[in-house]
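Input: structures, listed below.
After this come two complexes, each holding subunit A, first together with subunit B and then together with subunit C.
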Partner chain A sequence: MLKETRYSYNELTLELVQNLKAIVGEQYVIYDDVERLEQFSHDETPGDYVSMPAAAIRPRTAEEIAAIIKLANRENIPITPRGAGSGLSGGAVPIYGGLVLSVDRMNSILEVDRDNMMIEVEPGVVANDINEHIEPFNLFYAGYPMSLETCFIGGNVAENAGGGKAVKYGVTSRYVLGLEVVTPTGEIIELGGKLVKDVTGYNMVQLMVGSEGTLGIFTKIILKLLPLPKIQADLLCLFKTSDDAISAVPKIMTGGGVIPTSIEFMDSHSVQAACEYLNESLPYEDCGAMLLISVDGMDRDVIEEQYITIGKFCQEAGAIEVYVADNPSTSERIWKVRRNIAEAFSLIEKRQFNDDIVVPPASIPAAIAKLEEISAKYQVQIPCFGHAGDGNIHARVLCRKDWDDKKWAAMQPVILKDMYQMIREQGGRLSGEHGVGCKRKKYLNQVVSEEYINMLRTVKRAFDPNNILNPGKIFDV
Partner chain B sequence: MLKETRYSYNELTLELVQNLKAIVGEQYVIYDDVERLEQFSHDETPGDYVSMPAAAIRPRTAEEIAAIIKLANRENIPITPRGAGSGLSGGAVPIYGGLVLSVDRMNSILEVDRDNMMIEVEPGVVANDINEHIEPFNLFYAGYPMSLETCFIGGNVAENAGGGKAVKYGVTSRYVLGLEVVTPTGEIIELGGKLVKDVTGYNMVQLMVGSEGTLGIFTKIILKLLPLPKIQADLLCLFKTSDDAISAVPKIMTGGGVIPTSIEFMDSHSVQAACEYLNESLPYEDCGAMLLISVDGMDRDVIEEQYITIGKFCQEAGAIEVYVADNPSTSERIWKVRRNIAEAFSLIEKRQFNDDIVVPPASIPAAIAKLEEISAKYQVQIPCFGHAGDGNIHARVLCRKDWDDKKWAAMQPVILKDMYQMIREQGGRLSGEHGVGCKRKKYLNQVVSEEYINMLRTVKRAFDPNNILNPGKIFDV
Partner chain C sequence: MRIVVPIKQVPETRSVKMDEKTGTVIRDGVESIVNPLDLYSIEAALILKERFGGEIIAISMGPPQAATALKEALAMGIDQAILVSDRAFAGSDTWGTAYVLGEAIKTIGDYDLIICGERATDGDTGQVGPEVAAHLKLPVTTYVNGVNDWTDGALTVTRLVEHGEEKVSMQLPGVLTVVKEVSDPRLPTLDGKIRARETIMPILSFDDLKLDLKLIGLKGSPTRVVKIFRPKVTRECEIHTAEDEAGVALSVERLYNFLQEREVV
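Presenting the complex of A and B:
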C-alpha cells in the first residue's frame, strides 16, 4: 500500500458525499463500498502502487467536473483523475485518498470533421475506437499507444502516450490541436482549436499534454487525423545478438532516407516469453534478438522498395534472416507477439519492475550493453523490448527466485540507481511514454536538474494553488 | 512612435551602463548613440511600431545573459530580446525603452549529430545557414519560415515560425527537442535534450517555443533533422477566381491521400505586384488566382504520380491551367514570386497593415470570401496570399490613396474589427505564425476568452515576477 502523508487534506464527510451526489446524481458516487472502490485504487503498474480512495465519482459533463473541483478546493479534498486505469506509472493512484474522478462516462465521439481531417472526442473514448470509427472515411489517427484496445484517449493525452508508430508519426502530442480543460481551480477553458497553426499566446495545449492530470482535466479533445495509409508491410529481422540488432537501428534511421513507422526491438527472452504465452511460434524464436520494422504508405511499389532498402541495411548489419510480412494476418501474428510481451512477463514473475528508459536514438546500443552488464552484475533477468527507433526501451527487471520480498525491496533501488546513472550519462530521461506518476517521482532528481524541477513546481503552484489536483505526482510541490 | 507606460521601470543610469560593460565588454554595449541605437528600435512590422531603447547589449554567452538579467531584476530595467529583427508583430520593439538584448553574436553551429539526426545551434544562426550546412550530409531542417535568408533560428523558436513546407512538415515547434534557456530571473536551465520522446515532467520546451521572448532567452537549441528529400516538384495551378482556387484546397488535402509540402495561395493582386517588382512574368499572371503546390520525396516516380493526382484535383476544381516545374530553376522562379509579395506591396503603398489570419483549413474559402466583402465595403485593396493548406492567410490591407494619415489611423481598427469578427466566427485566431507581439495585443480579447488570457498571465507572473523580460508583449500582466 502506498499512501503519502506529506500534505494534509480533510476527510470526505458524509455531508460532502451528499453534495457530490447532488452534482452528478446518486448512482455516480461510489462511497463506503470497499469492493467497488478497489478498482480505483491502482492502475496497471506492477508492484505495490495501491491506495484506496475515500470515494469515486463519475461525472458526465465539464460543468459537473468544474463543480466537483470547486467543492474540492473549498473543502480541501484531493482529486485524482482517472482514465481507463491502464497507466504504468501510478498516475491514477489516489495516494492521498480523497476522490477519484473517473471520465469513463464521458465517452462520446462528438464529431468527425472530414473537411478539416480532425476528430473531436470526449476523454473516455477508447483509443482504438477512434480508428475503427474513421477507417470508413479513409482517415487515420496515428498517436495511439500499444494498449490501444483498452486505454482512454484522455489518459493518452494526459500521459502523452507514445506508440508503435511514433518513429514516423510522433507521439500523441503531435495530434492534439485543441482541448477543453477544467483547471485545478474549476474553470472551464478552451485551448487551441481546429487549427493547424496557432501562435496566439503560449502553447497551453502542449503544456497540458503530458501533465499527468496535475494541471487540468480534459473534457474535450480535438485530434488531427491523417489520410489512411493503404499499404503496410512488416519486416521481421533476426540477429545473432542483441548488440547486432540494436546496432542496426541507427543505420536504418540515418542511412536509407526511409523513415519506417516502427522499429521495435525484442531480445530473445522477450520473444520466447511472449511466444510461450500466446502458444505461438515465430521462425528462429531462439535467435539472439529481433527487430520488427514496419513501413507504410499509399503505393505498393514504394513500400516494396522501402522494405528492400531496409532489409539490405539489416543484412549488412549482420541479420541472419529477414522475413517480409506483407499481408495483414502474418503482420498481426508478429505484432501480437510484440504487444503481449509485457503481459507474458507478468505471469512469469509477479515481482518485477518495468522501466521506460529513453536515450538519444543513437545511444540505444550503449544503453542495451549497459543493461546487460547490470543484468550480469546482479544476476537478474532484464528482458528488453520496445521502440528502439525512438530511443525508448522498456526494460523489465525480474526478481531473482532466490530473493525474498525483503531482499527484493532492498535491491530495487540499488539496481535502479545503476540504470539511472547510465541514463544520465547518455543524456536520457526516466520515461519516454509511461510518465513519472508516483512511481518514478523519487528518482526524478537523479536525471534532471533541481532548477528544472523547480520550474515544474512554479507552474504547478501557479495553476493549482491549493494542490488539489492529483497531488504527489511527478514531483512534490 | 510606440511607447507604453503601463508599468514603471527605472532609468538606465551611467553606473548601470558601466556594470553592463563589465559583463560583456565595453564594445558590446551601445549607449548614448542614437544613430547606432536606431536599428534596435523596430522590427519589420509595417506601421509605426518604433520605440528607442536606452541601450543595446550584445552578449556572447548564457552566463553573460544570466548576469544581465539578474542586474535588470535588481535594478528594475526592462529587457527586450532580439534576433535578426525580421519579426512582423513588433515582438522585438522595446516599448518600455530599457535594454535591447541582441543575440547576433551567438551565432555558432555547435554540433551536427548525424547519428541522431539532430543539430545544436546558438540562437543567432541564420535559418538558411542550417540547411546549407547540413545538405552535404543529406539532412534537412524542415521548420524554417519564408524569411529564411535573414531570420535567426532563435527568433524562429521564440515566434514558433511557420513556413512554406508546414503543410507536410509542421512548423518550428515540431523540430525543437531541446533548449538551454536563461529564465526571466536569470537562471540557466536545460530543457529537453536529444530525445525524440520524453515525458519526464511537463513539456517546458513547447511552453517556451512561441513565448515571444517573454518567458526566457534561448541560448542553445537542439533541432531534429530529417533525411533530405531527393526530389521536389512544384505545380503552378491557375484559376479564374480566388474562390475557385481556394475551394480546391480542402479537396486536395482530403481527397487524394497525398500531403503536399506546400499549398500556397496567391490572388491576382499579389502575383501581379510581385511580378512587377521582380520584373518577372509568369504564365497567365492576370488570371484570378494561383495555387503553388509542392510535393517532395525520395522517388521520382512517386512524385510524378503525386503531382498528377493533385493536378487532376485542381482541374476538377476548375483550374484553367496546370504547369509543372520539376527542375530547380523554374521552381525557384515561381517561389521567388511568392517570397517577394510582401516586399512588393511595401513599395506600392507604405501605409498598410498585414494580418496573419488563421482559421480551420476547411474554412479558408469562407474566410477569403469574407475578406473580399470587407475589401468592397471599405473600398480598400486587400491582397491575399499565404499558406492556404494550413488555413493561414496573410491579408494585407492597403490604405486608400484618398485617405490621409488621420483617416487611415481611424479606419484601421474599424476594418480590423470586421476581420476579427469573421475570424472568431470561423473558430480562428489572430496569428498563425507572426505572433501577437505588441501589434495584436489589443485585439487578443476579440478572439480568445478572458479566462484563456488570464491563464497566460498566470504563467507569465510565475516565471517573471518582476515583469522584466519583454514586458507588454502578447498581453498585459
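Presenting the complex of A and C:
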C-alpha cells in the first residue's frame, strides 16, 4: 500500500456521498464496495503502487465535473483523475484516498472537421478508436502508445504520451491544439482552439499537456490530423551485439536523409522473452540485439527506396541479417514481438521495476553501455527495449532470484541512483513518456534543479490553492 | 533437387469485406498478399534446397499484380519466378487453373518436385495441388507435415491423417501439398527484396502455352460458384445443472462421455 500523509484532508462523509450522487446520478458513484473500488486503487505500474479511494465517481459532463470539484474544494476532499488506468507512473493512484474521478463515460467523438483536418473528442475515447474512426476519410492521428488498444486520449494528453512513432511524428503535445478544461477550482475554461497559430497570451494548452492530472481535467480535446500514409514497410535488423545495433541508430537518423517513423531497439533478453511467449520462430539465437525500423508514406516506390537506403546503412553497421515486411500480415508478425515484450517479462519475474529513461538521441549508445555496466555490477538482468530513435529506452530491472522481498526493496533505490546518475551525466531525464507520477517523485531532484521544481510548485499553487487535484504527484507542494 | 512452387495471391483477410447484396468480395483498396498457406510450401522448398542443393522456381497464375506475390517469394530465397497471366484465364475454376498451371510447369523442363500449399485462404478448396498432379500424371501426397529423406529417386515424407501420422515413400517426380506443421516460414530479406526488384520476370500468356480455349475460363470450368453467403452458426448447448453432490458426479460423467464421444479425451 502506498498511502501518503503529508497533507491532511477530510473524510468523505455519507452526506457528501449523497451530494455527489445528486450531481452525477446514484449509479455513477461507487462507495462502500471494496470489490468495485479495487480497480480504482492502481494503474499498470509494476510493484506496490496501490491505494484505495473512499469513493469513485463517473461523471458525464464538464458541468458535473465542475460541481464535483467545487464541492471537493469546499469540503477539502482530494480528487484523483483517471483515464483507462494504463499508466506506468502511479499517476492515477489515489495516494491520499478521497475521490477517484473516472472519465470513462465521456467517450464520444464529437466532430471530425475534414476542412481543418482536426478532430474534437472527449477524454474517454480509446486512442486507437480515433484512427479507426477517421481512416475512411483518409486521415490519421499520429499518437501510437504501445497500449493504444486500451488507453484513453485524455490520459495520453495528461501524460504527453509518446510511443512508437515519435521519431517522425513527435509526441502527443504536437497534435493538441485546443482543450476544454475544468480547473482545480471548478471553472470551465477553453484553451486554444482550431488554430494552427495562436499567440494570444501564454501557451496554456501546452502547459496542460503532460500536467499529469495536477492542473485540470480535460473535457474536450481538439487534435490535429494528418493525411493517412498509405504505405508502410518495416525492417527487422539483427545485430551481433547490442553495441552494434545501438551504434547504428545515430547513423540511420543522420546519414540517409530519411526520417523513419520509428526505430525500436530490443536487446536479446527482450527478443527471446517475447518470442518464447508468442511461440515465434525468428532466428534470435545468434543475435545480440534487434532494431525494428519503420518507414511510411504515400508511394510504394519511394518507400522501397527509403527502406533500401536504411537497410544498407544497417548492413554497413554490421547487421547480420535484415528482414523486410511490406504488407500488413508480415508487419504484424514482427510488431507483435515488440508489443509483447512487457507482457512476456511480467510472466518471467513479477518483482521488477520499469524505467522510462530518456537521453538526447545521439547519447543512446553511451546510455545502453552504461546500463550494461550497472547490470553487471549488481548481477541483475536489465532487459532494454524501446524507442531508440528518439532517445527513450525502457529499462526493466528484474529482481535476482536469490534476493528476498526485503533485499529487493532495499536494492531498488541503490540501482536507481546509479541509473539516474548516468542520466544526469548524459543530459537526460527520468521519464520520456510515462511521467513522474508518484513513482519517480522522490528522484526528481536528482536530475533537475531545485529552482525548476520551485517553478512547478508556483504554477501548481496558483492553479490549485487548496491542493485538491491529484495531490502528491510529480512533486510535493 | 529442382522444385516448382505454385503460389497464389490472395486478399489480406483482415481487410476483406463482403458485398452482402451481390454476395461477392469487395476487392477495391484491399491489400494483396501471398496466400499465407503458400508460405509453408515456399519454406519447405527452401529447406529441401538447403539440404540437397538445387533450384526453386515459383509460378503463379493471376492478374499482372500477382507479380508482387512472386517477388515476395523471390525475397524469401526462391531462385526464379514465372507469372502466368492472360485475360483468357479469367473465370477458371480449380480444374481450369490446374490445367493452365500444369501446362506452364511443362515449359520449365525437368523437375523433381512440385510443392503446393494445402489450400488458399480465399477459395479454400484445397483442390489445385492434387489437380495439377492429375494433369501432369504425377503421384501426389497431401497434408505433408515433414520431409524425411530423398534417396534413389524416392522421397519419404510424413503426412497428417485423422488419427496420427502416415509415413509415405513417393517416387519422384511428384507433388506434395504441405500443412503448417512443416516449418515456420522465414521472413523476406533486404538482399532478397533488392534481387526481386532487379529480376525480370517472364510472363507466360495463352498464346505462349498454346492452350485449348475449351479447357479454360468459365467455359472450361466444370464447377460454378452459385452463391456466396455467410453460414448460419448453429451451435447447440447442452446444459447440465447439478442440484447436489450426487448431481455433480453425474454431470461430470456426462461431460466426460460427451468429450469421449468426440475423442477429445
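In this section, the second predicted complex is superposed on the first by the 473 of 477 C-alpha atoms of A that agree within 3 Å, B and C clash if a C-alpha of one lies under 4 Å from a C-alpha of the other, contacts with A are read in each partner's own complex, and residues count from 1 in each chain.
Criterion: a contact is a pair of C-beta atoms (placed from the backbone, for glycine too) under 8 Å apart; a residue touches a chain by one contact, two chains touch by 3 or more.
Computed from a prediction, not measured in an experiment: that's the story for all the values here.
Applying the stated contact rule after C-alpha superposition, one finds that A:V337 touches neither subunit B nor subunit C.
Contacts of A:E304 after superposition: subunit C is touched, whereas subunit B is not reached.
Looking at the shared chain after the overlay, A:T200 reaches subunit B, while subunit C stays out of its contact range.
Residue contacts after overlaying the shared chain place A:Y323 against subunit C, while subunit B stays out of touching range. Looking at the shared chain after the overlay, A:A56 reaches neither subunit B nor subunit C.
Using the contact criterion defined above for the overlaid structures, shared-chain residue A:S449 touches subunit B, although it does not reach subunit C. In the superposed pair of complexes, A:L179 makes contact with neither subunit B nor subunit C.
Shared-chain residue A:S211: touches subunit B; no touch with subunit C. The partner of subunit A that touches more of its residues, comparing subunit B with subunit C, is B.
By the touch criterion defined above, A:V24 lies against neither subunit B nor subunit C after alignment on the C-alpha atoms of chain A.
With the contact threshold set out at the top, not one residue of subunit A is in contact with subunit B in one structure and with subunit C in the other.
Residues 235-236, 280-283, 304, 307-308, 311-312, 315, 321-330, 333-334 of subunit A touch subunit C in their complex. For subunit B in complex with subunit A, the residues that touch the partner chain are 113-118, 138, 159-160, 162, 166-167, 170-171, 173-174, 183, 187-191, 193-204, 206-207, 209-211, 215, 226-228, 230, 250, 253-254, 256-259, 298-299, 301-302, 305, 358-362, 387, 390-392, 427-436, 440, 444, 447-449, 451-453, 455-456, 458-459, 461-463, 474-475. Per the touch definition, subunit C reaches subunit A in the complex via residues 12, 14-15, 31, 33, 36, 72, 75, 184, 186-194, 197.
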